[in-house]
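Each chain carries a letter (A, B and C) given by its place in the written order, and its residues are counted from 1.
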Amino acid sequence: MVHDDEQQPRRVVITGLGTVTSIGLGAPAFLDGLKSGRSGVKPLTAFDTTGFAHANACEVADFAPGDWIHHVDPRELGRATQFSVAAANMAVADAGLTARELRERRVLVSVGTTDAESRDLDTLVGTQLAEGPERLSPGVARRAQAGRLSSGIVRELGLVDVEALTIPTACAAGNYAIGSGFDAIRYGEVEAALCGGADAVCRKTFTGFYRLGTIAPEVCQPFDIDRKGILTGEGAGVLLLESLESALARGARIYAEVLGYGLNCDAHHPVAPDQDSLARCMEVAHRNAGVAQEDIDFISAHGTGTRANDVTEAGAIRQVFDTPPPTVSIKSMIGHSMGAASALAAAACALALTEGFIPPTVNHRETDPECGLDCVPNEARPAELNVVQNNALAFAGNNAVLILGRMNRTRRTARPEPLKEAV
Amino acid sequence: MPSSLVISAWSAISPYGVGNAPLREGLAEGRDAIAALDHDTYPVPFGQAALVPDFSAAKYVGKKGTRTMDRVTALAVTAVGGLVGAIAGELQARPEQTALVLGTGSGSVQSIMDFTKDSLSGERPYHVEPARFPNTVMNRAAGQSAIWHRIKGPNTTVAGGALTGLLALSYALRLHRGGHCTRVLCGAAEEFSTQRAWLEWHGRAEEERRTPLGEGAAVFLVEPAEDATAAGRTVLARIAGTRFRAYREPDGIRDALTACVRSTLDAAGVAPGSVRFVAPLGGGGKPAAEEEQAVTDALPGADPAWIRLREHLGDTSAAATALQLAAVLAAAGGQGLGPGEAALVTGVEPDGQVGCAVFTGV
Amino acid sequence: MTTTHELNAGDRARIKGIICDILEIEPEDMTDTSRFKEDHEADSMGAIEILSQLERAFGTDIDQAELSRMVNLDGVVTVVGEAVAAQSARAN
């Protein structure tokens, strides 16, 4: 075996955050929104909503691609890729790095998504119905590919020694992408990782959730007794990960340490979550991160605000935790940004660890006793935080749980136990 | 990064037919699987395509539970189904220890666009079929394969254009290294559809429109050599490693890919001269020529057999590099790569990335 | 007062065909009162799919609250009848 198994795994830290959200562009604005409990909900403008009884969403209203994308022509990028590239640029700058410095490193780019450029596909369907398939725009057809969400970042930054993959594992994809970046740095495969998730509001997905009866008419109220569903949202979250050694060597600000993550699959139902399986995923994440359930100071929940998700997720949390910690959903503020959701929630966790507060669950009136959690209603709460957990669930029972910790130079990272068949 | 993992079983669906045997035979005969398209079924601008013959969900997956299953999902479920028999005991006892990593282009663009079409053209904008909504989400094929075959470990969908199969393999190695699973079922799937054909047609340059589209799927059982041996499975190839680089202009393809191949061989201690099979993507005129030249540059002293799948199976897009690996295994035979033998799979994504994977015998 | 629109035998057969297609069962396996969930393995997605397809087939709107009554063929026929009646009342 050539791989040196004796080499100590590296500690992995977050040193840059890029966030495109409906409550603020860039980490400082996002932080301000989280602290003040800002809501990004507005009437939906991405497409003609005539015929829907209600159509609110959390769109990124003030995004001018040219302000954030400098080298690639934004017209060559679909809206989700524009978000992804903009967030990557923000993350690199926020980390105090330049594209030139990153070009000299070996890099992994992994971007999660639910819909990739389905918004472009919607547009093409419109053209096809009106003018026929012969009239589709070549530029739009070319850019409407999932792989572009990650390759767009490579082109913008001019990266050279790079592996770029898109992870379309739906609404948990951000955590999947961050997890892969974590492993790549932990085992010395790359020197930096740009990872996260991106999505743009589109007719296809709004309509699907509307048809399932899961779009809230006005606001998203996770864990509330009167919760009525999700609000579709959009944006991107990209994290710059590097080894602790590398961050210290260049004197970088460290937001948080990535301690580990867990993935599993319910293998049960296309859309309905499974409590026992989600509980197991949290336990797998704790084991991978070398933490115990009592170490978790707050949970950033998937918390979509549907009847089914919130009660199932709360049940799984109570199953794993002797005393459930405060459990919040930032989807109350930024809606369900699909593949970006868990990446933005991870960014929120990193900011919370740095700034010492728990983001609130806004629009909250009365906690559903069936959920029975402290969701930090309506106002952010100051808190000394050491370890936080970020949950993500997706269609097909694709669960992903990420564990972040406050930067502590003396922490001994547990080496994850490899899974082995019981002998 | 070198890995200690091996491939101990594989399952392919190609335009030659469903299963490994049709691929093996089709390649041995050097047969073309490209045929004239029935334009009543597929009103598309391409005259030819390479379809999996007589493939349907009802025929290969079953009549029950497949009413709304789309073609790429059926291809994936069927391909994964070809592997689960090899690990039936392990899946039964510990379903959470097997991961499934599946590559896709953009899911099923047919399913996605049909759904939007219903919304735009129905009496009400929400007159869509909710049971088809999951088909429009790109993790559907991987997720449904897990549901169908009760695979409860990590379930990840990977997309990266023509390099998808290689990226899925790379992701799988990383996932295993991180201790997230005991074994991985890893591969990629792509469907032929009217909608994909139109998108490809408009997205391609004029001279590339001559290459017909293909479809198929290939999935591999990836596990530590000792586990394969203990379970009585033949080690077909050791995965020496994967590597990717970016290029800016087509002129940069050659150097980028040569660097990838050299560093992968070096890191794994594989002599260039030992490479017995090369399976390049072969996409487009200039990129294909650059790709072959890069491989030749990186393999001084080698006299490999070149497996040029695209000539026979068309452009299988996201499934291409996975099918190239399947073709290598088909060519290597039932005992896999021999001691001292190596194989190379390469790809060039027009969007600016190249990649390769190297395999050795044990 | 709820108005009921009497669906004819053809409508009833059409509804049954749609439901059997969704549940992937043979028409002879479904009775007027056999329950979709308990007897035919329907899940929540199956229920919403039935509602959606009937809306499209009959050009009407059915409130999702009606799902609680749409548990068997008789229940569905009643709900669709009311929805069609309400539709024509609005049209008049």
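The rule is short, and it goes like this: a contact is a pair of C-beta atoms (placed from the backbone, for glycine too) under 8 Å apart; a residue touches a chain by one contact, two chains touch by 3 or more.
Treat the numbers as computed from the prediction; the structure is a model and nothing was measured.
Undergrad: If I rank A-B and A-C by number of C-beta contact pairs, which comes first?
TA: Between the chain pairs A-B and A-C, A-B carries more contacts.
Undergrad: Among all other chains, pick the one whose mean CA position is farthest from the mean CA position of subunit C.
TA: Relative to subunit C, the chain with the farthest C-alpha centre is B.
Undergrad: Report, in whole Å, the distance between the mean C-alpha point of subunit B and the mean C-alpha point of subunit C.
TA: So the centre of subunit B lies 43 Å away from the centre of subunit C.
Undergrad: Could you put a whole-Å number on the gap between the CA centroids of subunit A and subunit B?
TA: Taking the average C-alpha coordinate of subunit A and of subunit B, the gap between them is 27 Å.
Undergrad: Suppose each chain is reduced to the average of its Cα coordinates; what separation in Å results between subunit A and subunit C?
TA: Inter-chain centre distance comes to 40 Å.
Undergrad: Identify all positions of subunit B at which a residue touches two or more other chains, and write them in rising order.
TA: Residues 124, 128, 130.
Undergrad: Residues of subunit C touching 2+ other chains?
TA: 45, 48, 52
Undergrad: Please list all residues of subunit A that touch 2 or more other chains.
TA: Expected reply: 211-212, 269-271.
Undergrad: Which stretch or stretches of subunit C touch subunit B in the complex?
TA: Spelled out, the residues of subunit C in touch with subunit B are 21-22, 24, 45-46, 48-49, 52-53, 55-56, 59, 61.
Undergrad: For the complex, give me every residue of subunit B touching subunit C.
TA: 63-65, 67, 122-124, 127-131
Undergrad: Show which residues of subunit A lie in contact with subunit B when the two form their complex.
TA: 1-3, 49-52, 113-118, 121-122, 124-126, 128-129, 133-134, 136-138, 141-142, 144-148, 150-151, 154-155, 158-170, 173, 176, 179-180, 182-184, 186-189, 203-205, 207-208, 210-212, 262-271, 277, 280, 284, 288, 394-398, 416-422
Undergrad: Help me check something: in the complex, which residues belonging to subunit C touch subunit A?
TA: 43-45, 48, 52, 64
Undergrad: If you look only at subunit B, which of its residues touch subunit A in the complex?
TA: 1-4, 43, 45, 90, 93-97, 99-100, 104-107, 109, 112-113, 115-117, 119-121, 124-126, 128, 130, 133-134, 136-140, 142-144, 146-147, 149-161, 163-164, 167, 170-171, 174-175, 177-182, 198-200, 202-203, 227, 243-246, 248, 267-269, 349, 351-353, 355
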